[in-house]
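The structures considered in this document are given below.
What follows is chain A paired twice: with chain B in the first complex and chain C in the second.
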Partner chain A sequence: MSRNVRKRGTAGLVITGLVGITLIAGAVFLGPRLAWSIASSAVASTVLDGLAEGPDDHQLPVIELLLEEAGGKGTEAHMLLEGTRYPVRVTTPEPLDEDPGVYELDLLEPPDMLPFRRCRLFRPASTDMLQEHMALWLAGDMGVAVPFDALVFLRVDGRDAGVMQLREMVGPELEQARGRSPLAVKVIDALEHGDHVARKVIALPQDTVLTRYAVRDSLERHVNIDACVRLLAVQRMLNATVLENAWVTGGADGRIYPVLTAASLMDGPAPDSAATGNALFAWIEEDAELRARRDRYLEEARKRYVEQEVFAEQWRQEERALMPSLLQDRSKMARIVEGHPYRYGYSVRRAVRSSTASRNTAIRYWMDMAP
Partner chain B sequence: MKRSAKRARIGPSTLLVGVAVPLGLLAGVVVLTSPHRLTGKWPIGIQPEEVRTYARWKGLLTEPERTRTADVYQLNGGAGACVLDGDGGRWHRTWFEADGYGDHVQVRSGEDGAIAIAFGSATPFRTQHRIDLVPATVRSIRAKYIEVLATELGLPVPEVSFVRVIACGRDLGIHLKQEAIDRTFLTKRRLTDATLFRAGIDASCPQGMFPEAVDDTLRNAELRSTWTALYAGLMQEGVDEGAGPLDREATIAWLLMRWLEDGDHRLCATVPYALRRSTGTVMPLFERSEGTGKGDRMMATADPMTAMLRDASVVAGLKAKREELNEVRWRMKERFAAIDQAWLPILAEEGDLVWARAIASRMADELLDARLAKGDPVAYHARRWAAPPGLATFIDAGPLLATTPVAVEGAVPLERLSARFRSARIDGDTLFFGRGKYEIDEEIILPAGKALVIEKGARLYMGPASGLMVQGPLSVRGTSLNPVFIRAVDDARPFKGIAVRGNGSAPCALSGLKMSGGGDGAALLRFEGASSVNLDRCELRSAQDGVLTMVGGSLSMASSELAGNGTLLTLDQVRATVVSTSFIGTASGIVLSGGRALFDRASLQGFNGAALKAGQAAQVLVLDTRFERNATAIEAVDLATVHVSGVSFDNNALVFALRREDPIQGGGHVVTYNNAFVGNAREREVDAYSTIDQQAALDPKLRSDMGAEEVNP
Partner chain C sequence: MTADTDPWLGALFHGWVHLVTLFLMLLVAYAIIGLCWNRGFRPADRGPVVPWASLILGFGLVLLLRRFNEDLLAAGIIAVAVIIGGLLSRNAEPRGLWVPAMLIAVLLGLGSNLSALLLTTATALVLLLSARQGR
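For the complex of A and B:
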């Protein structure tokens, strides 16, 4: 046996030994199950990445930020989307040279062809990348007003920044961007920060002097009750404990309606009537007719998503569109904790596995809801 | 036998054979293989680019010299920087030159070499006000195929061709030239009564949820209302989808083209539509997508056409239409071949013609054989429809349904009007002006949806600049013996008039009305959004700006007299029947824009302008009418057709004036039958775009189509 062969054999033994020691040490400190999971994820990630040479073209929209001349927060730059260049003002929470992970874009010359005037680019909040996006899709499909939300592949100055979530920032242009009204609308960020009129309207149900029908008539003049009922149906459908929403004063009639600004799937349990923490929602939940309407929306949605398999099909299509970009995403970062700078690396295997699990959990939950 | 250890020497002949044999074999394969197979998959790892290189070598040797060249468009930036090197997205003025044309134009450069050129409104380029240019490759020939298929299906589709672009002295190569979908596009296709708008179709995209008019933004409220009603219907299951305003035939053709094209649609794509004001129908216009047939990127579509497929009769219609097109596939193939013959020599680089033909042939087969003959359009469109996100909330977020058109502010409640005028009364939603005297010194606006009835014997005295606006039905019930009078308080100071502004369903009937002294700033009577207007035995005299103006709907006028200043009768997209009515005026008599009109036993006298002017492809039949002492008796412009039978023309300065006014349209057309011409100074003035035909007898079918009474033989 030649000297070279002997050398290679020794190196192999050393590497195998090191891997073994790492596994044993990991098993001691983390427990065998977690150690095995991490090791298998690492191997699968490496192998899958190796197999992923030359993945398909992106099916997600590709956005390129041209920040080369940018000097920091609130700087003017350009965004390239589908071959068109848009001037934008970019705001980031951290200096640009430290991969801020979040970009807020304000389009300086709002174009007709884009679904937003201001948007936020951030790393998806879950390992499967799809949970939040699909939660908003479901809410929009059930008729609740939602911001534009899409997964995109981001490049910054020619370098891949990976799969990001693009979400419209709900603002006064909401109805203009949708072609519904030429007027800017008033947006109230949340109830506790709402203005006096909104709080007065929302507090109206607590006035016990009025009869229930009088209250409803009064409310209907100020609030789009049906939109609220739909939002409550969505909350149950998503099995979400908390929904983040804004209140918008409609441009056409001045009535208030909710816009769901963020949601996630199956992080429940959804609160019961008494625990909504919102006088208006609690009042709606107590009204037998409105409750029946909410349940009708729920049943319609359940049929559509489970029996007609619309949800699974939509998820699969989103997943198919996501995979080529995920395989090309060398940064492999996801943001697990909302608003927290901590970032978490993930593997493609983990993303695929948790994607399937999330989808199936939701569908099983809805099947159990069947009357 | 022992093998020699000495290596054989490789000589030049061995090397030559080693290179020549594979090359010869490959050349033979390329020569003998059909062009169609050239672009297919090759075994043992042969790459398409390698085959293309061999094909090009062969082409360089065997290709005949090309005789056809592309049109050349030259853009000159002048002395300064080149116009295309500036800021993308901004319009720049520059000089444009093509065969037979040269003028200053507006140019905008986009990404990927795209160029948009806008021409002046008075100087369109080959009847187009705007064109878009994008760099072309051989694969761009598919755009031409798509145009042919859409045209065969009767869909309005932008024209496509290929031109060479030279900008600032640089040859930018062959570009695909596409006509823009704009107002001019509609006019050229005789859709002069249509409002052009765009709406989104991407179900994941909330933008474009409601339509936006392309240039007539005043129609946005009406469009949104139509759209809201349409989607509200589509979102309910079990409704009759066929009952909506969508043009059924155009919808089926659009769905078929969408399937055939299988385009790659961009984020938040929109579709252009034409709302026909004369019929109230919405017609989808087919616009080629940006992609090259790679498939639909959208997860689902929100267009109303796909939702119509829940209606079984639309599905049946789609299948039938596909069969119909499939039956004439041979003709399409011939047309595709003609297109290849004409354009591929321009699109292919030198030596690349064989390869180009192969690619084109593959694309044609994919369209006509793989899709049209064997594909399934119903399966393609199946379960892909979804309402745009949040639509239910936005539909329910305002009174859009009640705003067709936008109600005018400042309406006075009927009760207040009833209390103000002693002889007025209210019955239900209707205000009655009974017999009596009414003094009106301001502009009164009736609430939307309320009707006004003016009964016989009513006398309205109108103060200067006063008027009545009715946002609902109007009825004037005078008789010959007991008419309704509407007069100015002071003849020297005219009032405005009566305006009816409806939602397209308000009927109006006026009889025995004698009205004079009005017309301040607009016609005496104005109807917009009325379904029908009937005038019988009315005498209307304008002091200033015309007698009657009407937009849309139908007009029936009999035994009346219109006189005074301004244009006496202005009809825009109206179906009109005017019988036994006289027009006596000073400026001009009748102006028709689009629509169709019958004038029977009328008389038009003493106009300093045209007694009858028809434009915008209006169809007119004039029977047994008298034109006397007019500067011009009949003017036909811009594709209008006027049939003239049994008419006498006496002492007019000019009888027929035919010309093209709008440069993107054709001229006028007059067909004459048995007419009498006495004492006219000149009989005709006809430009190169217009024609006058003489025929022996009027076709009875034309008479009945235009609503004329039957004539006993």
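For the complex of A and C:
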């Protein structure tokens, strides 16, 4: 073997060793689980995603933000949605010259055909990108008021920003956007923060002078009790530990009702009634008739989603619409480790695997629910 | 590891693994066509399986195309790379392999892994089936 060949061989070994050391160092500093998760995603996205050449056209709505025209935060920009140009005000809390990953938009001349007036664009938090979206879909399907929520493909000033979640920001225009009422409503995060009627609603269940029927009559006049019962049923269906809801007052029928602002699937366990921390919900769950109604809603939902396979079919439809955009997304971003707050690139392989696991976990949970 | 350095290190690690993977893909492709090229020579006349110059040039091209993937800029980079590959084919060993090597790097740089795989296979087959006098 010539001297040159030996030298080259040694140099190659040294370089390979150095690369190996950097990978081991990464695993030591990040911890084996996180390092493995990041490394496997990086390898899969580099090797496997590149095999899908010429993916189909986007099936998700494509939104383009024209921010270069905007002078900065709070100034007017434009949003192109399926070819139509809408003037918007960008109220993103972070500087626009970096990629904030979150855009908050106010539509300045909201058209009737859009089901929202203000929205927030953000990266989906789950690895399959569908969990939160499907949780809100399920809640809406069970009759609870929910914000408009959709997966979209976002472009910012001509560059792909990838798959994002568009969610309506729940506000005074909630009923106007849905054509239910020409008037603005008031949205409060807790009944305690509302007007005297809302505070009275909170106080009623603790009134020891009134009979249970009298309390119920009074509550029914001020609160949409059925909407509350449905929300409690949704909490059990989603197996959600916390209900992230606000309250709408001054609506079309004059009664207070809850609106779900965010939801997640199977992050449970769902608490028992004493742990809800809300006097109204606790009172509802103590009422035998309302509890029975909640269980009936649960059973109807279980039949619809498991036996009639409505949930699985809806999930598959959403997944089919998502995949072409995910394959075209060069900056695939999502949380790749459950519970880890930071985001990295990840692969379509991970999205598909995680999507199947999430869907099956939910369906198995419902199958195991006592009828 | 603090909360401040963790995301930075995670992103760095992700990018680093991505680059190492790209390098390995290019190395494997070049090794395959290098082996097929050398099969046409007597053991004493064989060169290195993966010439360092083509590997470094090819990897540079992959990185450039991953960074600048706008249509016009990418087209310019590809044109320059193919011209350089053609010129090198006239003067440097392994003659005739520079252009396919550049094209494989271009395809990997554009994220077209399936095309790169196909081109590697086609090049390998052509090298295995072609006569030595043609090289």
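The criterion applied here is as follows: the second predicted complex is superposed on the first by the 309 of 371 C-alpha atoms of A that agree within 3 Å, B and C clash if a C-alpha of one lies under 4 Å from a C-alpha of the other, contacts with A are read in each partner's own complex, and residues count from 1 in each chain.
In this section, a contact is a pair of C-beta atoms (placed from the backbone, for glycine too) under 8 Å apart; a residue touches a chain by one contact, two chains touch by 3 or more.
Note that this is a predicted model, so its numbers are computed, not measured.
Novice: After superposition on the shared chain, which partner residues are touched by A:Thr22: those of chain B (first), chain C (second), both, or neither?
Specialist: Second partner only.
Novice: Looking at A:Val43 after the superposition, I want to know if it touches chain B, chain C, both of them or none. Which is it: first, second, both, neither?
Specialist: In the superposed model, A:Val43 contacts chain C only, not chain B.
Novice: Looking at the overlay, what does A:Ala35 touch: chain B (first), chain C (second), both, or neither?
Specialist: second
Novice: With the two complexes superposed on chain A, say which partner A:Phe122 touches: chain B (first), chain C (second), both, or neither.
Specialist: A:Phe122 contacts neither chain B nor chain C.
Novice: Should A:Phe153 be classified as contacting the first partner (chain B), the second (chain C), both, or neither?
Specialist: neither
Novice: Counting residues of chain A in contact, which comes out ahead: chain B or chain C?
Specialist: B
Novice: With both complexes overlaid on chain A, does A:Phe311 touch chain B (first), chain C (second), both or neither?
Specialist: A:Phe311 sits against neither chain B nor chain C.
Novice: Which positions of chain A touch chain B when the two form their complex?
Specialist: Against chain B, the touching part of chain A is residues 59, 61, 80-85, 112-116, 136-137, 139-148, 150, 175, 177-182, 224, 226-227, 230, 250-253, 255, 257-259, 308, 310, 313-314, 317-318, 321.
Novice: Which bits of chain B are touching chain A when the two form their complex?
Specialist: 88-89, 110-112, 199-200, 204-212, 220, 224, 266-268, 297, 299-300, 383, 386-394, 396-400
Novice: Under the definition above, what is the set of chain C residues touching chain A in their complex?
Specialist: 1, 6-7, 9-18, 20-22, 25, 48, 52, 69, 108, 111-117
Novice: In the complex of these two chains, what residues of chain A are touching chain C?
Specialist: Interface residues on the chain A side: 8, 19, 22-23, 26, 29-31, 34-35, 38-39, 41-43, 45-47, 49-53, 330, 342, 344-345.
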